[in-house]
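Two complexes follow with chain A in common, the first pairing it with chain B and the second with chain C.
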Partner chain A sequence: MTERSLLVGPFNRVEGDLEIRLEIKDGRVAQAYANSPMFRGFEIMMLGKSPMDALTITPRICGICSISQSSAASAALGSMAGLPPAPQGALAAAIMHGVENLCDHLTHFNLFFCADFARAAYAGRPWHDRAVTRFTAMEGSAVRACVEARAQILHIVGLLGGKWPHTLAIQPGGVTRAPTPRDRIRMTSTLAAFRRYLEGTLFGAPIEDFAGLTRAADLTGWTLGDAGLFMEIAEDLGLADMGHGSGRFLSFGAYPQPEGRAFAAGTWDNGTLGTVDTAEIREDLSHAWMLGEARHPTEGRTDPDEDMQAPAYSWCKAPRLAGRTVETGALARQVIDGHPAARDLAAGGANVRARVAGRLLEIARTQILLEGWVSALQTDAPFITDVALPDAGSGEGLVEAARGALGHWIKVEKGRIAGYQIVAPTTWNFSPRDAAGTPGPVEAALEGAPVGPGEETPLSVQHIVRSFDPCMVCTVH
Partner chain B sequence: MNILWLQSAGCGGCTMSLLCAESPGVLDLLRDAGLSFLWHPALSEQTGAEVRALLAGIEDGSQTLDILCVEGSILTGPKGTGRFQMLSGTGRSMLDWVRSLAPLAEQVVAVGTCATYGGMTSAGGNPAGAVGLQYDGSYPGGALPADFRARSGMPVINVAGCPTHPDWVTETLLLIAGGEMSHDALDALGRPLFYAEHLVHHACPKNEFYEYKASAEKPGQLGCMMEHMGCVGTQAVGDCNIRGWNGGSCCTRAGYACINCTAPEFEEPHHPFTETPKFAGIPVGLPSDMPKAWFMALASLSKAATPKRLAENAVADRIEVPPTLRTGRK
Partner chain C sequence: MAEIETFYDVMRRQGITRRSFMKYCALTASALGLGPAFVPKIANAMETKPRTPVIWVHGLECTCCSESFIRSAHPLAKDVVLSMISLDYDDTLMAAAGHAAEAAFEETIEKYRGNYILAVEGNPPLNEDGMFCISGGKPFVEKLKYAAKDAKAIISWGACASYGCVQAAKPNPTQATPVHKVITDKPIIKVPGCPPIAEVMTGVITYMLTFDRLPELDRQGRPAMFYGQRIHDKCYRRPHFDAGQFVEEWDDDGARKGYCLYKMGCKGPTTYNACSTVRWNEGVSFPIQSGHGCIGCSEDGFWDQGTFYDRVTDLTQFGVEKNADQIGLAAAGVVGGGIALHAAVSALKSAQSKAQKSPSKTNEEA
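Right, the complex of A and B next:
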């Protein structure tokens, strides 16, 4: 029996700072410890401020999920006021949010995840030359096409929200700019160009063909475009046998509209659909450098342990739903929303291939949603209503970021913020162990990953970690 | 020239914004100017041990470093240790790394208001002890001393903005690559003048409302946002309305206030961001270089002269009254 420890970092092509410690036995990961090594303290900064300042401050938690943070803050304020936004304002906000999530998925696939397949370590594989051509970091043709297409579709956020990231356009009552008919046709044209990009490069076929797949085998057997190249690589490298998840998923439901959420909210436990009860959330602090007890976010505190005492090993708190870990993200969303191919794919729990495939499915479905939303814009309707905030109260804002379930919990006393807690998607996925010693989702997924004798930064570990598309700046905030 | 890009304590949004550069995109822009990344945390292939070897090479002198870009503030807490941000895999704080690497670089560029002055990461009592590279808020001296100079003899170049406009970053790097970045190219806070010699107010489409003090009273209304909505575009440096963001827009064009995100201490305006502080009903804070008495006199005169068209449009969410057409010639 051989044993060794590895410290993997700086771990790049994830958003923010991540360090993974591995205990390796007999060529496999026996235990993994995910450390979020950066603490800024946004929840502390918010205390004493005007509640509306959350709209300016919280987007700046994260430059890749900025609109998600903005939407969650706005939803928390709106829930405190007890008023919904103007329906057309909610639609405009959904368009901006959908564009951000779409861009995040594309950035992940082309820039963060697939770059590893171009590594010299894979030379000689039947697909390697094509992976080098398409996915080489900063040089690959798919990488460059993605960067160009992404900049173009973000014009939609420019039109509606002024800039990306860090717009202040999304408010509890709606959005600050009413689009004109001219704006609508520009957005329609931008989306048409983006469809051309997706069909020409990523899917190699009409988007509806990919979104309409019903069986896992159809998805994993897809041969066209970069999606097809990924499926071929995934099959050859056995990515479906890496990074197994618990089979428990969480989604708060994406894109709230007057008629409901475009992707449904819910929980999933190995084939059983359930409803989300946020009262069952607790943030465990036993292995976080945080002082205090496990609490629900409405009662939560953020009190960093400046001495960074063991057994804690991360600034990340450990959220649990009814005492258990859950995985969140695009695959979770698609499974819970009932997409047949996603459910089929996740039948045995998540894995590296299924997480990436879930994201690809969602790219196709989001493009279709966006086209429908833009055509539904009524350019003579109000896009914002008056929302007066009470001097005291509390609110909960639940949205879906690209990476999964994001919640903001606000408490206001005498017109000032008295409590603000955030649980981000990667807080769920990259949480440290809890008081029972149960590892967080990525820590559990890493157990059993193969590690070659000379490997200092194991490729399997990189694939597994990146398959979650972690956003570490959101995680600790 | 080569670039080492480090992400310290920020949101990563300046890199995300950088990827929005267009005509051509950022990868072509930099390549065409002879710029390449030694390593970038979001873009490069190398991870873990490969990166540690690269950093060790810079420290031992076997790898030259031309441009060090730092995105995000530098955390000094807890208790001055910098351990609120450890560069993962290295056992050393980002504070320690930046102090070690900056003197080895030909030029040091702080990307974004966190890296320049501390920025949003230093808001609300600054729980993590965030500072900028060479400034702590508006005070010289941050993670690096006030008299720090890179190998070129230049102080830290402060590309402030939250986030930075992609062109502010690429054009700064291109000016460096072209040998055209000098002390004279920077303002008194170290910001490149090519964007810092403008005000956000310049080319703002609400300027006619501003001229007549025809003001928006609520979010979503078209009028000038200076009087009630917290807008400080008349004081904030930046060519946002000239250059345009993400296809040509910007904050004021989307109907919300400029919050002066290119300035030190913008994160603590001492009033809610989207409300204008007032004294005896009169907004506090004057447009840049405007004598107070003249501003008051002109404002009351222009307010009295506000055309009906502007008065009505200012509180509407769309143009209700178009400009009157001149008909015929006499």
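Right, the complex of A and C next:
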């Protein structure tokens, strides 16, 4: 077999711009290089601004994870002030954030990921006709149903946050709107309708049945709803043998509440659970078009190399935890939180099927969480406390976006922002190589992917890349 | 040129019934502030006119405009608009990938030369020869110019394409530049907001597809029907402003009572948009209703006006009854978009559209 190199991109049906260069040898990917070709410089713009402006500007990094960015910014400001938000405010923020994450997972499954199964290249497979009916881009019946269901559940964010995307209501002290009893009733009924959609369309069974699965085999053997169709396709195409991960996961823990985070924080290294020490994070710049040394985000700088010198090949920095790559996302969250089926599924490390299945599990679990949270709202309680920001200080805001661990690090001097660094989930997952030459998680996952002769946009590569649900606008900001 | 089907053909193909179609025409007429007499006109146009192809491209942006767009209020409206414009090329939603996607882009331009609408989400960064946003191996600014050359008209979606938005915030590291400063020889309609309201987006595009021309624009090139009035003028908290009742801090007694947010930095008094009438997420709410002031995201330069919580201080210079055009004439530094100035749609029309568009249907159905 000949050797060749292939440039795959621009990738569509991912959020933002992405280009991947593949070195192919003997019909397989030998090396992959992920390039994030869009840079806007948010970290530079933040300098000199009022710290509170982070709440408005950073969410605009991304139109689909805006509440994640807003939550992280608000957590960073809150940590600088040393004050937690009002408990009910944290609850309302969790509801908004949970809805956004749920919507992102649904969009990924229906609009971005499964559309590839409707490709003509799969014609003749026993499931192809059904995949075409359900998942054809922009036209499939599942696509339409998803878009409509999403619009409905986002009413909850509308009610609590005024508008979505780019909600302004989340503040360091809580949220700006105290929901009324009427809002609560309305959210309850919206969630009930969404449950009907999930049970009727996605899972084909009660949500608790799916969320309560304990073994990987039960999950991958699920036959009902669109989840079942995916499992059937995954089995037929061998998606479990594609896109292997390192088996190292990171989660900052999702939905902080006074009593802890609803999905636990932690690290996972092939069966061993650990605690997150953010002091061990470094952003390596050796292969990014950025000038400077590898630093911790509190000391980090964003200084684009306008000459775009080799060996750099991406605007993305390369974050490492204790010098190693980690994968982050829904599967990581579920594994670290201890969901038995997720742990079973990821026993040999992540793969394409496990990542998508992890997301499906999380959809079910998040719906259940949301229902509990809405019923726990006490509309007469305070929803925001007065948080006075110090004139100087630093803060760290850690949250979980749909795509994984998101951190904001802020430094304030004389009442103005003196440093602002953001490490987004896809910055972890789609990082370029580091100084040691170690490829980032998606680059490593692509190695070994089969590429047929003459294939210009290899299907395996499409599946692997999209299984991470990359959000490229967050990656480089 | 290839034969193009009509809008109605496309809708029929999507399985949309005649009844739903007529309902959509009625909704569109009301959303656009047009009377019932326009319903048959819209229907007739859709049945007889070839559908207008749309190419949708993304520059420096966050995709919030697309997100807003696919969530338009009436499910049918969204379906119809999506099928009407078919988004012949949209790199976020389309099926094709990589080279196939680029080929589709070329093919659409070739096939509909001079006839398509170019919808731009985001803007081109011009620093370093445009290297901060590369699409298909080329700077986005080249792709934009290329696609614009044979377009009939251009829609600048959102604050990014219209004005630059946050990525143009000082020091504007990438020199993010609004579309009209790069493309100067085409009619451009600006639909600002971060993002624009979904119904405003579908309303604008439906108008252009139906009547084959741009809607009336204000001085800044925004459709007057949606940007003709200040948020302040139609704000449900306005009586509290007039009565001098203000929120002084988050969640104080005034906040619980829904007092005016002016002292919390609300930019409603200087912002022209339809938020307080059309509202967001299918008419559910808007930022002021969530207890947070407006940040003025449909106004040029909203990102660099001091902090978002600073009080508006230049309020007294104009009265409530003024519209964006009159203010624009008075205020220094407002640059016209080079597009003919028309009278703004009257308050009556906006109020009418609100009354017809605000059923609480979403409430009970949910």
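As a working rule, the second predicted complex is superposed on the first by the 476 of 477 C-alpha atoms of A that agree within 3 Å, B and C clash if a C-alpha of one lies under 4 Å from a C-alpha of the other, contacts with A are read in each partner's own complex, and residues count from 1 in each chain.
Assume contacts are C-beta pairs under 8 Å (C-beta built on N, C-alpha and C of every residue); 3 or more make two chains touch, one makes a residue touch a chain.
All figures in this text were calculated on a predicted structure; none of them were measured in a lab.
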item	value
Clash-or-fit label for the pair chain B, chain C on chain A	clash
Which of chain B and chain C A:163 touches, first, second, both or neither	both
Partner chain in contact with A:50 - chain B first, chain C second, else both or neither	both
First (chain B), second (chain C), both or neither touched by A:193	second
First, second, both or neither for A:18, with chain B first and chain C second	first
Chain B/chain C common contact set on chain A	7-13, 15-17, 19, 37-41, 44-45, 48-50, 52-53, 55-57, 60-64, 66, 111, 115, 118-119, 136-138, 144, 147-148, 150-152, 154-155, 157-169, 171, 173-178, 304, 306, 308, 315, 382-384, 386, 456-457, 462, 473
Complex interface listing, chain C residues touching chain A	58, 60-68, 70-72, 75, 78-79, 82, 87, 91-102, 125, 127-128, 131-137, 165-167, 169-174, 176, 194-195, 249-251, 255-256, 275, 280-282, 284-292, 295, 297, 303, 306-309, 362-366
Complex interface listing, chain A residues touching chain C	7-13, 15-17, 19, 37-42, 44-45, 48-50, 52-53, 55-57, 60-64, 66, 86, 111, 115, 118-119, 136-138, 144, 147-148, 150-152, 154-155, 157-169, 171, 173-178, 186, 189-190, 193, 304, 306, 308, 315, 382-384, 386, 456-457, 462, 473
Footprint of chain B on chain A - complex, ascending	7-13, 15-19, 35, 37-41, 44-50, 52-53, 55-57, 60-64, 66, 107, 111-112, 115-116, 118-119, 136-139, 143-144, 147-148, 150-152, 154-155, 157-169, 171, 173-178, 180, 304, 306-308, 315, 382-384, 386, 456-457, 462, 473
For the chain B and chain A complex, residues of the former touching the latter	7, 9-17, 19-22, 25-28, 37, 39-52, 75, 77-79, 83-90, 120-121, 123-125, 127-128, 130, 162-163, 218-220, 244-257, 259, 261, 267, 272-275, 317-318
